[in-house]
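As structure tokens, the structure follows; a few thoughts come after it.
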């Protein structure tokens, strides 16, 4: 009797096995496979492609920072280019003036940008929507001016030329491959940290604040603290990306961090999927490759093609690539994902 | 066995000699060069705030198209690959790496901008790729000891400012000088060059400076501020749009300083006409190239040749833009260098020929100004001439001034 | 004192330019709840259309009228074709679409008309007034801006279409139930904004000189001005624009480090907004739970 009744109750999906492994085991294998491919890639393609892919990953980290702030916490930012520049110049000044080795510039860059983000986030608490956009826009516009003004530190218009790091000779790989691997490591750490934060208490608080600030406050969430934390975390990510960009490109100048960079980050973020982690990588690819494709299609009006690409992507995927296609994919492969109990 | 070895050795020796002979007959080539083609790389700001300079790249491309139609250089056609970098140094680095590593160009030519060129010059010098005839007037491109693969073409902005400084010291020794400059490398080069040229008198003579960003809609406020300083000399280091605004505003507020205008913005057709001819009368500038809209050149064969070229190959470009004439000169200079290379199209030889120009005249350069380079002198054009605007055209005065870069 | 007055007056002249574009921004925000980042480029493109007509031989006012009509229709079409698909999408999608429009218009203008700077005829003669503090042209720009403001005010307050538009923006669902064609209202809103932008561009081109990047800087200041005044208030847009113009000039004159002019001006504007987060004339949005 008992047996026949219990036979009618299906085993919980999470414990079901496909080909001998649970679905979470399959997911881990999938992730490991992707990482393996990512590690192998620089040895399969030419130096220039490796350089391009490194830039894609740097932009992905920067866009991930923006996703945290704008996607998960709902605070729009048109100024992340400024924080990217702050990270880049921190790394450049430390390397150039103080001889700090390149890998040791990442923590200070992150820390300084975190502090900057928190300082910025405090007054930003007062603003919403287009007003917040203006305040962050001001940051993007002020950055080149400030960089040009404090020229004893920043080198002014001339910028700072950096010596790019050489790989340890024992590894026998070239400079581009070494930098790629370093940035890949940074990206994986960034994704891990972001995933932990976003799936945990902090992330839930952020999303609650985004979706219904009044209810969130009523539930006891300290909105001011979490919003400021979101700002700081976001700029930390983008600042580290900036530091990496200084190391990989080997040159910083005020012209490198124009308003268009901030706009590009927002575009990449939205096209990839603003409230996703994977979307940051898609965004990185978009920012890096689509302008070049546009140039190939039409060298008379390439930015018109880029703008058109933006429009078409947005029409087809209003929540971004991962944001729109992700839920679709999950629906189709429903069985592979653990059931929620609520 | 010995017989076999001798014949094998003999065959290989003969083969080697034959191959070498072939190689010499066909030419020595670096990457991107061959019997039929020479690949040249370039980056230009075709979009973004500096897009007004894109005409230089377009004119160069048109000129090379014309050369190709006429049979190419020593029978080889030019494959001119020009990419947009939006005046953003990271983009320039990326595009240049693509040109060198993927497209395998022989050299980079006429890359535009100062920060953009600074971003790539370590890479190009480390990889021994010529960074030839950079399209910017900064002093640092004449440094063959440290950067043997980098060469400029046009006189630096600092040199031009020196010329103004010397003129002021000689003719207006008690002047009070105001400076309006674009807040970037271009404007700052003028300001620093002016200070340098005035020497220890600089602090006393320069009474006011005002800067502007390319995102500023107008410079009216800056001009008013400079007038209020009581200056009687104004030096304007601005790009065409802002130069036109400045000329007009200076006139409108009734200020009559001795006005020095950057050579970048003295085009009759685009700046002086836009500002209003009567408003620009009396302005002093310097030039090394002929302004195509200046009526005094209209009947010369060089102008007619230029005009025919523009109409046939570069019809979309604005005839009144002096940057077009400058792009033309860049292209022609390169053709001279490439012709001199003959069949030896290696990167080393390209640099060598570029550093061996002796008093070469160019159709759109002012009479008396020629190109000269040597192993220790990587500044082909070192001369400029002062000119003053008379309401219709620029009247050259004084001698051709030779200034060596500092 | 003379310098101070001069800066104030040229600030008002520049401010009128920002104010006219700010009016267009407010127009679109009030009718569709969107900030149209492409407003400046649309205005610039309309100005090029006017320039082409004038160069083809049309008298100025005929070209002006034709351009206004063309811009109105163009604005409506853009709303229908480009913006409508993202109406129900997240706000960020609409922002991306307007940024895409910005790039498209800028690039098209550069391709069609090249980047060389052009001059543009002005309907107002260029004579100095008030001891050279102002020119008749500057006064003309200020006058046209104020006329547009008054017309807009009358439109929203006293016409049935204006009322319908306000209703459609505030509560589309209820407006539909009242029989208001909400879609048409949105399109008209964009059309009007495009026409305002075209007027702004045509007034401004003789002063700033015409090139594809003419409106880039103007848009930023107009945006700041519109927000300073209150993004929902046309009066605020004009006042905000004028304040931004004057502040920018005074900061540039009296600040020691004039290279930081933009930074300081923006900082001051943000300071004001900290105390009045909805702008000077804006209405606070009260959210009910």
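Per-chain numbering from 1; labels A, B and C assigned in written order.
By our rule, a residue touches a chain if its C-beta (ideal position, glycine included) is under 8 Å from a C-beta of that chain, and two chains touch if they have at least 3 such contacts.
Nothing here was measured: the structure is a model prediction, and the numbers come from that model.
More C-beta pairs touching across which pair, B-C or A-B?
B-C
Quick check for the class: compute each chain's Cα centroid; which one is farthest from the centroid of chain A?
B
If you average the Cα atoms of chain A and of chain C to get two centres, how far apart are those centres in Å?
So the centre of chain A lies 34 Å away from the centre of chain C.
Starting from the mean Cα coordinates of chain B and chain C, work out the distance between those two points in Å.
For chain B versus chain C, the centre distance works out to 38 Å.
Distance-wise, how many Å sit between the C-alpha centres of chain A and chain B, to the nearest whole number?
About 39 Å, centre to centre.
By the touch rule stated above, which residues of chain A touch at least two different other chains?
Only 141, 145, 148, 302-303 qualify.
For chain B, what residues touch not just one other chain but two or more?
Residues 47, 49, 183, 213, 215 of chain B each touch two or more of the other chains.
Which chain C residues sit where two or more other chains touch them?
Correct list: 106-107, 110, 220, 259, 262.
Mind pulling up the chain A residues that touch chain B in the complex?
Those residues of chain A that touch chain B are 46-48, 51-52, 55, 141, 144-145, 148, 156-159, 161, 245, 249-251, 253-256, 258-261, 295, 299, 302-303.
Which positions of chain B touch chain A when the two form their complex?
46-49, 83-84, 86-90, 93-94, 97-98, 101-102, 113-116, 118-119, 122-123, 183-185, 188, 213, 215
Residue numbers of chain A touching chain C in their complex, please.
70, 76, 123, 126-128, 130-131, 133-135, 137-138, 141-142, 145-146, 148-149, 214-215, 218, 263, 266-267, 270-271, 274, 300-304, 306-311, 314-315, 318-319
Can you tell me which positions in chain C touch chain B when the two form their complex?
It comes out as residues 2-3, 6-7, 10-11, 13-14, 17-18, 106-107, 110, 114-119, 126, 128, 132, 135, 207-209, 211-214, 216-218, 220-221, 248-249, 252-253, 258-259, 262.
Can you tell me which positions in chain B touch chain C when the two form their complex?
Within the complex, chain B contacts chain C at residues 47, 49, 51-52, 54-55, 183, 209-211, 213-218, 220-222, 224-225, 227-228, 240-241, 244-245, 252-254, 270-271, 273-274, 316-318, 320-321.
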